[in-house]
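Quick notes on the structure that follows.
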Amino acid sequence: MTEKQPLLSLQGIKKHFPVGSGLFGQKSNSVKAVDGVSLDIYPGQTVGLVGESGCGKSTIGRMVVGLSEPTAGEIYFEGRKLSEYKSKKAMGKNLQMIFQDSYSSLNPRMTVADIIAEPLVLHKVGTHKERGKRVDELLERVGLAAYHGSRYPIEFSGGQRQRIGIARALALQPKLIVCDEPVSALDVSIQAQILNLLKEIQKDLGLSYLFIAHGIQVVKHISDQIAVMYLGKIAEFAGKEELFANPHHPYTKALLAAVPLPDPRLRDRERILLKGDLPSPANPPAGCRFHTRCPVAMEKCKVTDPALIPTSQDSRTACLLYDMSIV
Amino acid sequence: QSGSTKTPDTPPTANPAGESPGTPQHGGSLTVAYVADVTNFDPIKGTTGNDHALLWPLYDTLVKFSPDMKPEPGLAESWEFPDNTTILLHLREGVKFSDGSPFNAEAVKFNIDRVNSTDSQISDLKNIQSVEVVDDKTVKLQLSQPDSSIILALSDRGGMMVSPTAVKTHGADYSLHPVGAGPFIVTNHIPNGEIGYEANRDYWQKGLPYLDKLTVKVIPDANSQINALKTGQVDFLPNVQPQMVATLKADANIVLSPTNTLALNMIYLRTDAPPFNDKAARLAVLYGINRQQLIDAINFGQGTVAVQPFPKDYWAHDDSINIPYDPEKSKQLLKDAGLSNVSFTLTTYPIEWWTRLANGIKGQLEEVGINVTIKTLEPNAAVQSFLGDKETNALTGNWSGRPDPQMTIASLYGKDSYYNPGKATTSELESLIKEAAATTDQNQRAGLYKKIVNTSVVENAFSIPTFSQPMTAAMSKKIQGFEPNLLGKAIFSSLWVEQK
Amino acid sequence: MSFKTIFKRLMAERLAFASFIFLVMLVIVALLAPHIQPYDPFKQDLTKVMQLPSAEHWLGTDGLGCDVLSKMLMGSQTAIKSALFAIMIPLLVGVPLGVLSGYFGGVIDDVFMRIVDAIIAIPALILALGITSALGVNLWNAMMAIGIVFTPKFARLARGQTLQVRLEPYVEAAKISGAGFVWIMFRHILPNISPPIVVQASFNLSMAILTETTLSFLGMGAQPPDVSWGNLIQQGYSLIYINPWMIVYPGIAIMLTILAGNFLGDGLRVALDPKQQRIF
Amino acid sequence: MFLKFMLRRFLYVIPMLFITTLVVFSLILLIPGDPVLAILGENATYEKVAELRQQLGLDQPVIMQYIHWLNNAVHGDLGRSLFTGQLVGHAIQQHLAITIQLVAVGMTFAIAGGMFFAITSIYFPKSWMDYAARFLGTLGTAVPNFLCAMILIIIFSLNLNWLPATGFISITDGAGSFLKHILLPGFSLSLAGIAVITRQLRSSLMETMDAEYIRTAYAKGAGRYRAIFKHGLQNAMLPVVTTIGLLMGTMLGATVVVENIFAIPGMGQLVINAIGQRDFTVVQGVVLVMIVMVVVINFLTDIVYALLDPRIEY
Amino acid sequence: MKTETPLLEVNHLKTYIPTSKGEIKPVDDVSFTIAKGEIVALVGESGSGKSVSSLSIMRLNAGAIKYRPDSSILFAGRDLLKLKEKELRKIRGNDIAMIFQDPMSALNPVHPIGRQIAEAILLHKKVSPKEAQKTALELLNKVGIPDAQRRLKDYPHQLSGGMRQRAMIAIALACNPKLLIADEPTTALDVTIQSQILNLLRDLQKEFGISILLITHDLGVVAETADRVLVMYCGKIVEEGNVEDIFAHPQHPYTKGLMVSIPSLSGPSKETLDAIPGVVPNPLELPPGCNFVTRCGSAMVKCHEAAPELEQHPSGNRVSCWLHTSGKGDDEDDREATALVTAGH
């Protein structure tokens, strides 16, 4: 698999948001929302991105679809730098996004058909009539009916709206869809419907997902590989079975342990409880960012920022415990 | 209430207290509402006719005038004309400015030179070529050409004597520290708010003024003036608008004192541009206005028809001049001159009364086939637009009158008169005006003014008089001693307050 | 959200709906004014000035003997025309500037918002007086001045709304699909910022009439031959001791219109609020 | 930290003042007509016009006039009135105190009245107080202030003769007569303000009372009074504080009308006269001072806002 | 299996909301009890009526809500629904406390948290403000906020989400309440923080013996925390039982559906999830018969006709489903059911 060319490749990307203001409103500090992330996504694969709130997941997603530019690093799509694309248009055909908030991701003043047709119109695909037909197809594809097209988003439930968002993302037959917490706001029963739909679509169309979520079960269900993020960096990257069977990074372990399991018999299992809160991304701790909460932190963790090192064929982890080169 | 109460020693009546409404009483204070603030306490710098009433308490003039506008002794006890370009003024003894400096010939020379300096806004005395101090109490005025208006002009702003010491001390800030030889001194001034006067205890005319204190409140809004009078915040309104007269008449606590004045309403015309470069068009307007109807409708009956710049009962007025309302004649005039579709722009002010008047005129002229477009501009802009920018054909205005008819004629009908922007004249008119200037005998002068009016108004209609309205002063019952005059500018210094 | 639903929701707000009906009737009256007025409003009769109401003149006559009812009807036309005119300026100038400023941000936005802040700091009536006296006193200049005075408020509102809307995921979705500024502006921003602007405009229609009245009262507003309720009030005020009724009719007309505008604004605010739309 | 915040806010005021002065200055340039001719009136000769023009600096290019004017203004010299020759600064000084008192009273009425009506309306929902408050909140904005002033004068001065119809007594000359004179104009001035604050505070309070922290307060066992006064009000006042700043400008503008009717010699009276006389140095001066007042008030409301809202970062 | 009188007894709670389009019945005939020291979880999807039920207990529902007269909520022998507002205020925050989902909006943004905690004390206890502050400090320490002394003066926005929720809990604990109602206390928090908060709640329950009504839609949270579970759907309780029983053998098709639609964390993941089809019906357009009929895989004719009652099932759960109802007064009358029935009268 590694032999193949990745569809999307992030190489050391960073995103720093200037914040804080001095006397004259000048920016004096920056939030290091993403601080050196490298990641590959292969065609037909799903990479899941998990981590606590504010660790930079959405920021990565937004950079991938070109909604914001990395402060440093490069993003390659099919081997070509994103920054080389002349217009957003050229990218939009291949890169699409599904959003978390199904209410605000659909323009309340457009009909559903108009919303779904919007990418087609922008890319001047087909005639008006052809587009109408395509919209009907898409609506059916996501489990809605053609007659829904003439309605307004307000008339739909959360799950249905999420379907509309998916239909819009599919309109241009993209190769990669960034899903930014598409099911977090949904009830479990609806969540399952949407997850099933996304999987089905992937199977049919062979596209790739960058799937962002903080619900680790969901990520596990849908992803092939999973990147665990902590404070703007990837803490661990692994194939999903491996990650769950054999997590390396103490943060991953803690995260897995914290997930409440729907089985009362397991409630007294042993688990690592993380202390304290996520530090502010504006002033991340020196050394390993996790050392302030890490149950197995060592003295060197306070000074050395670990790099991602391979722990098995497909997995890498950024923890000094596994870094043999530093003693 | 308008009876003459000028002499302080009117015989006492059988009033047990020894005082009657007719006997002036000393003391007390009085509050007057006035429409505008003084533009400048320096008489040579002021710009409007409203200023006089506010300056007179402070400044005495060389010459005073009687209620019917005859010259009377002021700071100059008498005057003589050795020849028709020389005037000798004999000054009053024992007069001092309120700062204690003496009033003498030097002071008069200083003042008249000042009036004719470039700092001055006054042009009435421009024919005085030089001023000579003959002795401490005598001044000789040398004129550049005969000018019969000089004596009464000395009762106007130009004759107000300011203290030379004060001028020298304060320079550019003189207006903040004005000093005159009048019955009052100014004690405080809130611009556009209030002027406080106090009696000048060293006033040369013993026993005057009666009031201890005089306060002038600036109240531009006519309704507010009435409200203030009705509720007792002010005691005296020098000039009430015609539409307010009825309500005040009904108020038992208020006394009204109407008087005719030299002021009158005029329509000034631009004679150097169509349509009014044609005499027929001007005459059509002259005859096409129903003056009595305007008085009844716009002024609710207050006023008298005016067809000449001098009011009835004034010595320069001529009864024989008569211009009847004659719409047929207007139409005929236009027809004879081959004028059709005459139309013009009439400028007026964004004040309700004026726009109503202008619209009344418009309605009347439309009946004789003249179309009027009304343009409203604030007073200064309106005058500017009419006189300076030549944008409009006609302007409604209130001619406020001048003490001497020659001053009036010079402002209205001379070739270079301010209100004659089209420089309309005839050679006959020019020579008549010159002749009048050189004549000092009043009867002769009256005859000449009749001819001047005949030429300028009746024959040529260089400007159109419409009507004059009485100046109606309103005051609370306790106010006495108001003496209206033809000039229409109130003199506050003679007022007194009846004390219980 | 279609017009039908907005209308339905507006109907549910009783007072707003009544106001709406009132304003519609006012517009109809204004349109029909030349046909339904009993007299030519400019026909003077100087022999019959300031008459009290009579069978001949239902509301009496004014200071020039014109029929007051006819003038009131004319006035409704003026009120609507001029208020619409005054509101067009902020809508056509303020809103686009606000949208640009909010959308692009940066230096343009900084400079622009400083200017807006500065103009808002100038007391509106004083600014309007200054502008009318500069441009000349008449109704249209007064309305233009009012329009100019309103402009920064709309610019600020449009900017604030744009700042919100431009970050909405649906705008981002369009951007991902390659939408440019013009598309986003017309398809997404304008339709979504319009409700608060419509509401504001509805309030400002009232404000325009109110300000015009004040300017007229000060002699800096409408002048004859323009017939506005404001100058009827001015005339009425000046002649209040002759016939106080003259101030009552235009006073009531103005108050009712302003009230209607405000109630309509309130109602629209509710009717256009998408928060109240969610069924699920 | 707070000082730094104040300083920053203050620095922000400077460009704003600069722009405002520019606007005001350029506005007055638009005025057609020649002030010199207007001053000289009947006596305008060519030489006099040229002389006065030079004296007033009108012969210089506009930008120089502005710089000159601004420089002088910063040093407290607002020039002399074109009409009266009086120092503008001096004239303003005498009027300012009056207008400040008037506006302060108007503001007090507006805030006190607005808060009273808004709070009673929320406290007693659907009661007659509520409806009265709502009615007032709408009506107050619909009654032109001059109409209100006229009605008040007719009732309280002309008929009942309780209060004077015109004039002004400074508070330094006796609180009693000050109150007597200021009551009617102060109320006329504040009517719109009362309405605006009632409306805004009411709707903001209504929204606040739906907030979850109010529910928390109830869950703690707090009563209605406590929920409104201890929890709702401070939060609900936040948007109102900004409105109060804006109201100041409206009120300063409204003094033009109110001072006119009540014959109060304040800034409004001064500026309307000056506009009528095209006395543009006075207009400039007055407007400048008014703007400075508004800007200062806005600055203060910003500070108050920051004090009321701990979320504002200094 | 407790025989003592329960702490809280909700009987036939019907909370209705009249709207212009008709009456919404967010809570329609709900009965349950909470015993002393018990953690009862109320689960269900969004809109099922969990919050309305919990708010009804303290009569804190907003707006035009109405409690039907035959409803009663007995707490320490008194019917909360009939109490005077003033008496109810003495119970709120004192005997029954609440914590809410979003601690940011549930805390007053303009007051320091110390003051907000102290207020809860001052409202019920006659102590000086100083003492209240001292108690507040103790409470902050107890809920595990580090550097509590300094935090007392902090405003909510200066705290992290987890700390805010701890502060909220401190407020709730201020007067040692007997019952704590926690409405989705961890939904807004990250998993790592969620587990801290849940641990805290469990510890508190152990330490003070408080009863907790825990509202959540996360079955994982239920499994880890609760003693007993109430499953709610469209305003009705569809299944009730001990946590072990519910998870071991759910009976109602809805409960089952919920269980299988969660992706599992252990073991290999399934290709597709067994999602419950359809959506929750609009509360204004509830189907006749059983509310779940529109989404139920095993719906029968009967289900469309009448709503089933909550009845005891051999598994130990009580279920409201025709599949498990075999006519009235059948065999399975165990003690618990009797207890409940008698308690209801």
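Labels for the chains are A, B, C, D and E, by order of writing; each one numbers its residues from 1.
Note that in this section contacts are C-beta pairs under 8 Å (C-beta built on N, C-alpha and C of every residue); 3 or more make two chains touch, one makes a residue touch a chain.
The shown structure was predicted, so the numbers you read here are calculated from the model rather than taken from an experiment.
J.: So which one's got more C-beta contacts, B-C or B-D?
T.: B-D
J.: What's the farthest chain from chain E if centres are computed as the mean of the Cα atoms?
T.: Chain B.
J.: Can you give the whole-Å distance between the Cα centres of chain B and chain C?
T.: Their C-alpha centroids are separated by 45 Å.
J.: Based only on mean CA positions, could you tell me how far chain B sits from chain D in angstrom?
T.: 39
J.: What whole-Å value do you get for the distance between chain A and chain E if each is reduced to the mean of its CA atoms?
T.: 33
J.: Indicate the whole-number Å distance between the mean C-alpha point of chain D and the mean C-alpha point of chain E.
T.: About 53 Å separates the centre of chain D from that of chain E.
J.: Which chain C residues touch at least two other chains?
T.: 133, 136, 220, 237, 240, 279-280 - these are the residues of chain C that touch more than one other chain.
J.: Show the residues in chain D shared as contacts by 2 or more other chains, in ascending order.
T.: Where chain D meets two or more other chains at a single residue, that happens at 32, 150, 260, 275, 278.
J.: Hey, what residues on chain A touch two or more of the other chains?
T.: Chain A, residues with two or more chain partners: 157.
J.: Enumerate the contact residues on chain D facing chain B in the complex.
T.: Residue positions touching the partner: 32-34, 37-43, 47-48, 51, 81, 83-87, 90-91, 94-95, 98, 150, 153, 157-158, 161, 164-167, 260-263, 265, 269-270, 273, 275-278.
J.: Mind pulling up the chain C residues that touch chain B in the complex?
T.: Within the complex, chain C touches chain B at residues 44, 46-47, 49-50, 63-65, 133, 136-138, 219-220, 223-225, 234-235, 237-242.
J.: Spell out the residues on chain E that touch chain A in their complex, using ranges where they run on.
T.: 45-46, 146, 160-163, 190-196, 198-199, 217-225, 243-244, 247, 257-259, 261-266, 268-277, 279-280, 295
J.: Under the touch definition given earlier, write down the residues of chain A that touch chain E in their complex.
T.: Residue positions touching the partner: 52-53, 157, 159-160, 187-193, 195-196, 199-200, 214, 216-218, 220-221, 240-241, 244, 254-267, 271, 273-274, 276-278.
J.: Taking the complex as given, what residues does chain B use to touch chain D?
T.: Against chain D, the touching part of chain B is residues 33, 36-40, 42, 45, 47, 118, 121-123, 172, 175-176, 190-194, 217-221, 223-225, 227-228, 230-231, 233-234, 378-381, 383-385, 388-389, 411, 418.
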